[in-house]
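These notes are about the structure you will find just below.
By letter and in written order, the chains are A, B, C, D, E and F; residue numbering begins at 1 in each of them.
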Amino acid sequence: MLRVHPKKVKLDPSVDLRIIASRTPGMVGADLANLVNEAALLAARRGAQQVAESDLEEATDRVMLGLEKKSRVMTSDEKQRVAYHEAGHAVTAISLPHADPVHRVSIIPRTQGALGHMLQLPTQERYLMTKPQPEDQICVMLGGRGAEYLVYDGVVSTGASDDLQRATEVARQMATRFGMSERLGNMTYGLPPNQRFLKVLSGIEERDYSDRTAELIDEEVRHLIDSLYERVKKILEERGPALERIVKGLMEKETLDESELKALLNLDHVPASTLAARA
Amino acid sequence: MLRVHPKKVKLDPSVDLRIIASRTPGMVGADLANLVNEAALLAARRGAQQVAESDLEEATDRVMLGLEKKSRVMTSDEKQRVAYHEAGHAVTAISLPHADPVHRVSIIPRTQGALGHMLQLPTQERYLMTKPQPEDQICVMLGGRGAEYLVYDGVVSTGASDDLQRATEVARQMATRFGMSERLGNMTYGLPPNQRFLKVLSGIEERDYSDRTAELIDEEVRHLIDSLYERVKKILEERGPALERIVKGLMEKETLDESELKALLNLDHVPASTLAARA
Amino acid sequence: MLRVHPKKVKLDPSVDLRIIASRTPGMVGADLANLVNEAALLAARRGAQQVAESDLEEATDRVMLGLEKKSRVMTSDEKQRVAYHEAGHAVTAISLPHADPVHRVSIIPRTQGALGHMLQLPTQERYLMTKPQPEDQICVMLGGRGAEYLVYDGVVSTGASDDLQRATEVARQMATRFGMSERLGNMTYGLPPNQRFLKVLSGIEERDYSDRTAELIDEEVRHLIDSLYERVKKILEERGPALERIVKGLMEKETLDESELKALLNLDHVPASTLAARA
Amino acid sequence: MLRVHPKKVKLDPSVDLRIIASRTPGMVGADLANLVNEAALLAARRGAQQVAESDLEEATDRVMLGLEKKSRVMTSDEKQRVAYHEAGHAVTAISLPHADPVHRVSIIPRTQGALGHMLQLPTQERYLMTKPQPEDQICVMLGGRGAEYLVYDGVVSTGASDDLQRATEVARQMATRFGMSERLGNMTYGLPPNQRFLKVLSGIEERDYSDRTAELIDEEVRHLIDSLYERVKKILEERGPALERIVKGLMEKETLDESELKALLNLDHVPASTLAARA
Amino acid sequence: MLRVHPKKVKLDPSVDLRIIASRTPGMVGADLANLVNEAALLAARRGAQQVAESDLEEATDRVMLGLEKKSRVMTSDEKQRVAYHEAGHAVTAISLPHADPVHRVSIIPRTQGALGHMLQLPTQERYLMTKPQPEDQICVMLGGRGAEYLVYDGVVSTGASDDLQRATEVARQMATRFGMSERLGNMTYGLPPNQRFLKVLSGIEERDYSDRTAELIDEEVRHLIDSLYERVKKILEERGPALERIVKGLMEKETLDESELKALLNLDHVPASTLAARA
Amino acid sequence: MLRVHPKKVKLDPSVDLRIIASRTPGMVGADLANLVNEAALLAARRGAQQVAESDLEEATDRVMLGLEKKSRVMTSDEKQRVAYHEAGHAVTAISLPHADPVHRVSIIPRTQGALGHMLQLPTQERYLMTKPQPEDQICVMLGGRGAEYLVYDGVVSTGASDDLQRATEVARQMATRFGMSERLGNMTYGLPPNQRFLKVLSGIEERDYSDRTAELIDEEVRHLIDSLYERVKKILEERGPALERIVKGLMEKETLDESELKALLNLDHVPASTLAARA
């Protein structure tokens, strides 16, 4: 098979194709074509007219690393961590009075790269949000990280990165756009998003305040995140059994919809607003 | 119905259209076409030639969230909050000697996204504004937030964001362009708006002062906003009955024009300048 | 009349044109055409095929606000304030030894938006300016604000914004380009205007000094403006009668030329350099 | 005359051309054409079809200010100040051992806008400059300001702006590019000029050091300028008679060349290096 | 040979080609053509019509420096240092429980410029990384520098530059994107990579935090790198014999694959997770 | 001669060409053509149709300054300084164990503007540099400035500017890219050069650290330069006789190659690594 492809690219006469072949036992035709193309590219990059053995060797390393990636499944350790993460989101959402109801929890990876998801369906779109609502949103976002922290004894994972990013954005908006921080008062800081877009096109700084004010904003955002994370951890500690039941359900069925969650937790409606009344 | 659309896009043979159909009970033809297109898009994005069941599932989530948004009405809770917000603007405007007269208050949402509005009609255009006028403008802008704060016991909403933005802009102009702050003196800071526009095109910083001066400006803007907000809250506390009467009127009629306001408040002219003489 | 225009745009059948007509009593044909166009635009923006009643209502608000603006005259209060402002410029110019002679004072608004003006005609162009000359220029610029401050008991107006901007620019140049500040010494700061222009095109920062130096510059500019403003207020306090006589003249004739000013103030030449010798 | 021009532009019937004519006694045909064009432009700018009287009035102001500028000569006061300024440059150059010899001093304005000039002709181009040479260059640049300061009792003029700018640049280069400051050491700061040019095109900051280092550079440049200015003042105080003799010569002949300077100062060679040996 | 090429470019008649020839003993035709072209270029740059001897001399210097570069082999000192560097990576990877297994170590330079490499093949792709994993990644990256430091008594080399860059990036991400620093909390700092890309195109600053927060981030990144480097040094000190055995193997065979490494170290599986359990 | 050229450009009738001719005694045809062109350009710039006498005068000044520049030789003072500078580089290179051997020293100016050069030929290209190597590179770069400092009693020249720039760059890279500073640790600061190039195109800041960290980097770079400069001065003080012998050789022969240097210094191989073992 391997013979076929090199005809289009010049191989250095010293290259022994059998050695390459012996090192790529699992490869089929398309893989090998890919390998030789990669090698030709490497040769071209170093200005050579012929593909040398070293090019093929390096190309082999690259292709093998690529192949490795395609044919994989999650380990059960990873699956369990994803289950705790998503269950953490779900339990937090269920426990908070201003969070939208949970529609589905799943540990089936999505095509876009998410390893699992927890879907809330708002009972209706909101035009206004009162202060407790973005706070509860942040809590739900931090619920995944919180569950990992508690269950894995502080050994957190990179899986929370998007959640932290979104929680930071909401907290920042509360402080700088919605006047929801006592220390920052009833005013806005920086340009609103749409004006900022114009600035993006022209390269102007979006900040219209001093570095001292930037510090205040940082402190407020941090304080908000910290105190809400404490609340999340308290909720998850109190509702450990619910967390465990959801994780067990997820490990069995991979996806739990609203009615399955209700059944698991013995709830009439998923949102149980008695617990975790806001401090 | 569902059968029709997938003909144009290749469906993975394993997809069971009946399951999808059962999950989308309320959908009509156009909705389903939309759903399948969305799924085809998702499939294309992940480089697939055929639409898989997971694509349809995810598309369903998206379309359902979208449908939800279109067919909604405000809850009576939201309506009431909007009424207090707009009434807060109105009562503040009525109570301040340099605010323009109130022409209409309404809690009918506008197409541009505002949930309500309070319209002032200036008795005449002003070419000059004396210091109390932008101060009273800021007060009127803060009146919506102030009413929500008092009535809902400090639980404020995102509805004031535009008001806060505009109040901040006016306060900033008082301090940096109009020489209306003792601590900043009779000079201007930064470039005037028209020169700034040129800068926007070329990406140059608009600031021509030190960070320490930026701090001073921040402090002055904040101080102005804070003290005017205190005044707003005092006005609204003293004029609670007027606020309540306007809210009641709005909940009944949704819109109150100038004469209806006068009737409600037993006023000859809407502006009652006796109260809230400037401290 | 109103019937004519909507033929070109589709009206929602439910729209009652008579109601619209009753709300726009003063409008003539062209105004109504304008109104319907505005409504059609609003409908188009929200993606609708037909103009709804709400579009016409909102358009009516907009058109009415616009009409209001076109047909206005200054109130006599505004006129008086403008008169004091311009007279403040004039009296300061007359009282300072290095200010150019006053050619005309007027409270007739110019097409460019100025509500009045005070025109100085230099006896000859200057190639050099000695330190007292830009100082007196700044004083003349601050004279309008100073007069308003004294006469209206500290209640200043936005009318001084351009004056403050220009005074700030001159003070800044004294400090950073002309070596006229002891604390900043015989050197220049930042790039000269022509080099700065190039930078504007390329987006580079114009500052070549530290933030501490920027603070020093800010302090010097502020100090210069503050001390010259004190001088302006002292001049205007001492020359109250001259100020009043010019205001009275302006309220009567709207414009006073050089000879009329001389007659009013019993001066042979307008510049009376005895007073206000520089401290 | 005035009648001719308005035919091309529509005049408002109410305009009384005789009044305009009476206000522009010294104008000839071309001036009037200019005036009417200016007025037509102003009318066009405000969207009018006809030129109103106010347009003509404002145009008259503008044209008169322009005429004024064209027909002027320097006052003898200004001439004297320019003479002291240039003589200050010359005396400093003559007194310093590393300054180039003086080739000519003149108070005839150049077409490029300079009011006078002092021309040094290097005995030969230098490829290297040792530390005393840029120091003496800075002194010569500061000599004009120094002479004005001493003669006019501290009342300095804007005429030194270019000198200060160039002195600042040389001092900055000594500190940041030539390792000639003890406190800044044997290294360079920021990008060299040619690399900086590239940055100008791409908008990147040229600074690669901290704000604290920027402060150090500012202090060093300031310190260098200050100490050299002290030296300049001492030289000029000691050589007062030479200064006076050159000024007298300039007021009589306007330009003094090398041999005339020698004759005036009883020097064989212009550079007299005995005085002002470097401290 | 040399005669041929100069025909196309004009040589100054005074140039003695024999002298040039005598100074370039090892050159062949193509090298000489190159030399003369280089000289013609230099002549053109200084605006000359003919190539002067100085041009040829300078071109000779340049070409000789270039030739030198092409024909070189690594010294055995360099080879040994590279061997210790790569062995340092390998021993660290072998000793850490969360590092991927070592697939190959080599001191054969790659065409891309790397002087050696250590290749880890993940047993499977990871979707999630728990905190110990990026920590161990950083340790492996620092293993090369650590081995050089210990073996060469603190005399480190430039060879670690890429490793340090990547270690810094991972540490920074742990602190700013993954919420893995106690002092920075469960939030993100700055824009995520994809949004940052947009900013790169438009020239906007990516930082949305204060300088004080930037300091905190710097301190955390530094602290993480420092403490992990201490761990690396401890591992390498304890596993000195393994390091020496690998270096000896590399000096003999240049490349060691997984099985050869196992044989050298008497390991069944390369990863020996008993040692260096995380502190 | 002079008559010929002005025909193409209009001369003001009042211009007396004989006066111009008498002021330009040494000029030949081409020079005069140049002069008149320059004057025509100046006239055009000020918008005139004819060349006035003042244009010719100013053009004469400019052309004379230009002529002066072309026909010059270095003074023997300058030559000597250049000789000490290059000898300083050479002696430092000879004395340091990790510096490349000296191939040639010369005080013949190069076409690119260098007044002399010292050429090192590496015995072989280096792929790795250990810490002492960039340190010794910096020392060699500082050797020119060091020699000038010692011989001319602290009166340094601008000739070291490029050396200082390159020394700063190497020191900066040691600190920020190679982890060779204890205080900055085993990490990198800012973007690596190739990524920085991209940023140059898009105008983004290259700094990803706080101002406090920028201070630390500045301090480290400064400290490195300072301590290496001390070492350079000690070397040059100890090896004064070698310095003097090389300078004497350069003043006689202008260029010394490797064998001539060896002969002068009684060395078998130029690099004498016994002295100046690293402290």
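Observations on the model:
By our rule, contacts are C-beta pairs under 8 Å (C-beta built on N, C-alpha and C of every residue); 3 or more make two chains touch, one makes a residue touch a chain.
From a predicted model like this one, the values you see are computed outputs, not experimental measurements.
Common partners of subunit A and subunit C, by the touch rule above, are B.
Counting hops only between chains that touch, subunit B reaches subunit F in a minimum of 3. Least step count on the touch graph, subunit D to subunit F: 1. Distance from subunit A peaks, on a Cα-centroid basis, for D.
Among the remaining chains, the Cα-based centre furthest from that of subunit F is the centre of B.
Averaged C-alpha coordinates give centres for subunit A and subunit B that are 31 Å from one another. Centroids built from CA atoms put subunit F at 54 Å from subunit A.
One simple way to say how far apart two chains are is to compare their mean CA positions; for subunit B and subunit E this gives 54 Å. Of all residues in subunit A, those touching 2 or more other chains are 199, 202-205, 211-212, listed in ascending order. In terms of inter-chain touching, the protein chains here make up one closed cycle, each touching precisely two others. All chains join into a single ring; listed from subunit D onward through subunit F, they run D, F, E, A, B, C.
Contact residues on subunit A toward subunit E in their complex (touch as defined above): 42, 45-46, 54-55, 58, 61, 64-65, 68-69, 72, 74-75, 78, 81-82, 109, 115, 142, 145, 152, 155-161, 164-165, 167-168, 171-172, 199-206, 211-212, 214-215, 217-218, 221-222, 225-226, 229. The residues of subunit E lying in touch with subunit A in their complex are 108, 110-112, 119, 121-122, 124-132, 134, 177-180, 185-189, 192, 198-199, 202-205, 208-213.
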